[in-house]
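Read from first to last, the chains carry the letters A, B, C and D; within each, the first residue is number 1.
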Amino acid sequence: MRKPGKKKLIQIYKKMVTIRKVEEKLMEVFSTGEIPGFIHVCIGQEATPVAVCSWLKDSDYMSTTHRGHGHALAKGIDLNLFMAELFGKSAGYCRGRSGSMHIADPKTGILGANGIVGGGIPIATGAAFASQYKKSGQVTVCFFGEGATNEGTFHESLNIASIRKLPIVYVCENNGWAEFTPQKTHMPIKKVADRARAYDMPGAVVPNDILKIYEKAGEAVERARKGQGPTLLEIKSTRWHGHFVGDAQKYRLEKEVAAAKKKDCIADFEKKLLKDKTLRKAEIKKIADMVNQRIEGAVDFARKSPLPDQSELMDDLYV
Amino acid sequence: MRKPGKKKLIQIYKKMVTIRKVEEKLMEVFSTGEIPGFIHVCIGQEATPVAVCSWLKDSDYMSTTHRGHGHALAKGIDLNLFMAELFGKSAGYCRGRSGSMHIADPKTGILGANGIVGGGIPIATGAAFASQYKKSGQVTVCFFGEGATNEGTFHESLNIASIRKLPIVYVCENNGWAEFTPQKTHMPIKKVADRARAYDMPGAVVPNDILKIYEKAGEAVERARKGQGPTLLEIKSTRWHGHFVGDAQKYRLEKEVAAAKKKDCIADFEKKLLKDKTLRKAEIKKIADMVNQRIEGAVDFARKSPLPDQSELMDDLYV
Amino acid sequence: MKEIRYIWAINEAIKEEMERDDKVVLIGEDVGTPGGSFGASRGLYDLFGPERIFDTPISEAAITGLAAGAAACGLRPIVEIMFMDFMTICMDGIVNQIAKMRYMFGSQFKVPVVIRTPSGGGLNAGPQHSQSLEAWFAHVPGLKVVMPATPYDVKGLLKSAIRDDNPIVFIEHKALHALKGSIPEKEYRVPIGKADIKKEGTDVTVVAVSKMVHESLKASEILAQDGINIEVIDLLTISPWDRETIFGSVAKTHRLVIAHEAVKNFGVGAEISAAVSEEILDELDAPIMRVGAPFVPIPFSLEKAYLPNADQIVAAVKKTMERTF
Amino acid sequence: MKEIRYIWAINEAIKEEMERDDKVVLIGEDVGTPGGSFGASRGLYDLFGPERIFDTPISEAAITGLAAGAAACGLRPIVEIMFMDFMTICMDGIVNQIAKMRYMFGSQFKVPVVIRTPSGGGLNAGPQHSQSLEAWFAHVPGLKVVMPATPYDVKGLLKSAIRDDNPIVFIEHKALHALKGSIPEKEYRVPIGKADIKKEGTDVTVVAVSKMVHESLKASEILAQDGINIEVIDLLTISPWDRETIFGSVAKTHRLVIAHEAVKNFGVGAEISAAVSEEILDELDAPIMRVGAPFVPIPFSLEKAYLPNADQIVAAVKKTMERTF
């Protein structure tokens, strides 16, 4: 059951490639100044969002962080409206009010990226509380980094989720860095998953391998769906680029970055799919072309959308 | 080394009796309306403050909670000035500005009781940081209840203390109740000490037995003193009375309260001392009389002290 | 009509709204079988069970964030923060999440959360259990802030707050919990955003917040002996406040005193004063006086000397009467 | 004199004070080898090491409480909160602990903590990274609140703040970090509690906070073309603010505009306005105008339309000139 079939494998691959290419495009466009503010890319970490969200329906909930493009795309956000929001345009999901750091889409269950580290964890927990109360069978997935597990809200939320056996999966993408500081400066333990025991919650460490994450996430989502309570998954992930686009990460050793880039969850998966004959080189090329075309279309859409009008400034603060 | 000698045993016994009798007196006086506000007594829990503070010098630091009379008395606060503060009098430690819930005495290292559950935990951690920085050899003890371990500050502080190997002992007195709610409603785990692992910190569960607490506290204080880092101790303690004086604790089964009262850390110790012949009945009576006399003296002192004058209201907000 | 205490009026409002709408849930510490620290939820657990009366760990930061998520997903949470002083722990959930979710996400969400909390002194509860911090929340776009002073208003406003689709900081006064007053037997609501003239008068407008309404009414009696007839307006909603009623009254009396229990400096009174002198300065025949607490934490035993009272309101009113243009 | 950027002026102040007094320590996220998110502590780790440059986990609540404890035990911590918006997470440490410890404990302790934090918009950082929340802290007895706008003032005030034995909320402006200005080569300090007349004038007093000082100076040039000569006062310290300088100026110009970037409603401008109409109403020849941000969260891409600017100050000044008594 936890092994994806061919169709699913291709779907997963396409999503991973989409996320990678969207963010490569974002880095390019951002550097020209077309996108205002800050953006944080998840290049190197694509396996987690795709593997986890493969188990979710549109009606399931998801909350994410400043580094949330991958999660939103994996959960099913519309690429055009997503791109328009990052450009700050009025066709964007949030009318240009949120940008990258707060994008949300209730139609696909995206409760929002969050600019506050740890801020989304209680919100996701509340979503799980709502669906438990409504007996709707919905599951919530809550993404965050290892740095966020040092915030009080992590602790308080996991405690609450465990007591109430809420249908939620906490997914910590441990990329080893919180901004410019490595995990060992901030945390006396190596495995974030060990924190699960403090809440009598199952915790598991998973390598940055799409199929392994897929399997563990499947178990955790099923557990949540069945009303058996929350799980904490820690993915040993890896951040290729700086904390935000523009951060040259001088604080990292070149060889550490090179090693991170060698552990490429997409290339690894691609090799496997080729070896398996699930995909051939030509198909891979076709996927890349198709993805690139969609991205160009989205950037075009974003560019053409107008900026919000000043007259909208005071709109809809209250219902 | 961890076994107290005769003199120490008697000293410990006297302190325990003092705390018990002070609080019995407080309950009596409070009910007449002489003491304003709220007070929270620790009757049934006296072993912990005395055992732990036996290892501390005046220069060592201590922070406590709303249920902090025992800790303050064990650490060495002056009974007269303590009593005057609870009465809200100008001779009190804090000029009548703090009352029971915020009493502090820098001379004996008491950084204050705290009205905010979890509020004292980072403060104590900061004291430990200061003494580590100053290489002063001081140890800090931080007291709190099991309810406080659900606050984010508990989590954040223990994480920090462990990374920096701060000279601090976290002492959780688990009396099974947070206000009117039992532990199981608020926490999926039974042993608070299990939370220590999330910070790579030693954690131990200790029964409400003065000599066992003495032993474990001794180890933890020594560990801190030697620069080996923090420890989390959980004392399986027991609250005899209501959350605050006046709370009839209708939410508890009579037999649960009766069972709690049967586990009397003072009576148990007294029996042992009699059996050991460390003390004889007559000596115990003498101690009781002496303690009662001191308490009467303190109440008298507090009564005679004037209320602070209105003109003091705006004094010394700033240095 | 029936007599009821302020705390039971709160209880009735929650109960009626929970009976009416099963999306309404109550979240807080000790709100379950114990019925809340001050008794506001007494009996509700038996009626609605643990699913709807969510007795939480001592985790204020998580429970406000949790309420935000639950509200975004269709529930209508009421959060009880046991003392207003503890709102310091959950400012992020309230200010960065709950208050901003609607606007920031392009109006895609509704966030119908009510955060109930008792403020104020009078119980000698000391510096960390007696604060009035409404000015903070009034400064935050996206929140509404309500502060009722009578059993009638607390019930009617709480029902309106629970039905409002916007987040509301609902500030009770713990020294009013035992206050008795009459309320209708039948269902009623009090609108958010409207001030209430508690006593008509002609000489000076006194805008009062929460418990200061009662002090102002006392002041009114004292002043009547000197032939001074004040108008006492209960502000009720701090944000958005009722400019029309207050400006109308000032246009009639030409004198204004504002009274609240919070620290005077940078308090709610400052905004009302500033708005008046910005918009209707010409109506004023005298300086605008503010009555508020002195600029120190609330001391445990000097509480009486600390808390603003009728005498100070009397003095402020008299001060505004010193001059005639 | 030398040219320096605002951010390096901060860095110099910290460095000089740490060299002078080994009780001074710096606590915050990424303040160590990375030198801080905005670079304020660049180079300090190499000079002072990990004991004094305490690079913490992402735990704002704990680190402010920790600073309280460290200060009570003899250190002089400077805490960096990376964005002012994150102060929501540590309000308890600041408000219930740091601010109250001295008074509440009967003046037994000193709590010399400086909490440094960058506020404000201008970087399109969106609703959770751009707020100006100084009004909250000014409402809290026991804190001092400082908001410098130039390299000269930020260095001089930060040095004063670090030497002050009281807790200080030290609010920088992130859009000013790159601003250049001259400062003396030699040691100097700027006193807390004193406003600074940045430009003398006769017609209207403009009291400006933080970045609005620069907008006011721009407005001054625009207004000069119409023959209007405004006095621009940099408030510098928000609490306790310099009544003498401001009242003195109003007594000269008889007209007052107050400008800050924070939301206008219940902002700092309200207090200054209210104090003026309470104490020197007769000096006023026109309504007191306030310029501040509109009552919404700071939208990501409509930031320009959102932020108060010189044009709005010009309009407010003109409004106060419409009438002569």
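To be clear about the criterion, a contact is a pair of C-beta atoms (placed from the backbone, for glycine too) under 8 Å apart; a residue touches a chain by one contact, two chains touch by 3 or more.
What you see is a predicted model, and the numbers here were worked out from it, not measured in a lab.
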{"item": "Those chains which touch chain B and also touch chain A", "value": "C, D"}
{"item": "Inter-chain centre distance, chain A versus chain C - centres from mean C-alpha coordinates, in Å", "value": "41"}
{"item": "Centroid spacing, where centroids are CA-atom means, of chain B and chain C in whole angstrom", "value": "36"}
{"item": "Residues of chain D engaged with two or more neighbouring chains", "value": "56-57, 59, 61-62, 85-86, 88-89, 92, 96, 103-104, 126-128, 141-142, 295-297, 299"}
{"item": "Shared interface positions of chain A, touching two or more other chains", "value": "94, 96-98, 102, 114-116, 119, 150-153, 156, 159, 163, 185-187, 317"}
{"item": "Topology of the chain contact graph, where touching chains are joined (line, ring, star, complete, other)", "value": "complete"}
{"item": "Residue ranges of chain A touching chain B (in the complex, touch as defined)", "value": "150-156, 159, 162-163, 185-189, 194-195, 197-201"}
{"item": "Chain B contact footprint on chain D (complex, rising order)", "value": "25, 51-52, 54, 56-57, 59, 61-75, 77, 92-93, 96-97, 101-110, 141-142, 144, 164-166"}
{"item": "Touch list for chain A against partner chain C, complex", "value": "61, 63, 92-98, 102, 104-106, 111-112, 114-116, 119, 121-131, 133-134, 152-153, 156-157, 159-160, 163-164, 315-319"}
{"item": "Residues on chain C engaged by chain D in the complex (per definition of touch)", "value": "61, 85-89, 91-92, 94-96, 99-100, 103-104, 126-128, 133, 135-136, 138-142, 239, 262-263, 265-271, 273-279, 281, 284, 286-290, 294-297, 299"}
{"item": "Interfacial residue positions of chain B with respect to chain C in the complex", "value": "36-38, 87-89, 94, 96-99, 101-102, 114-119, 147-148, 150-152, 178-181, 185-187, 251, 307-308, 310, 312-314, 317"}
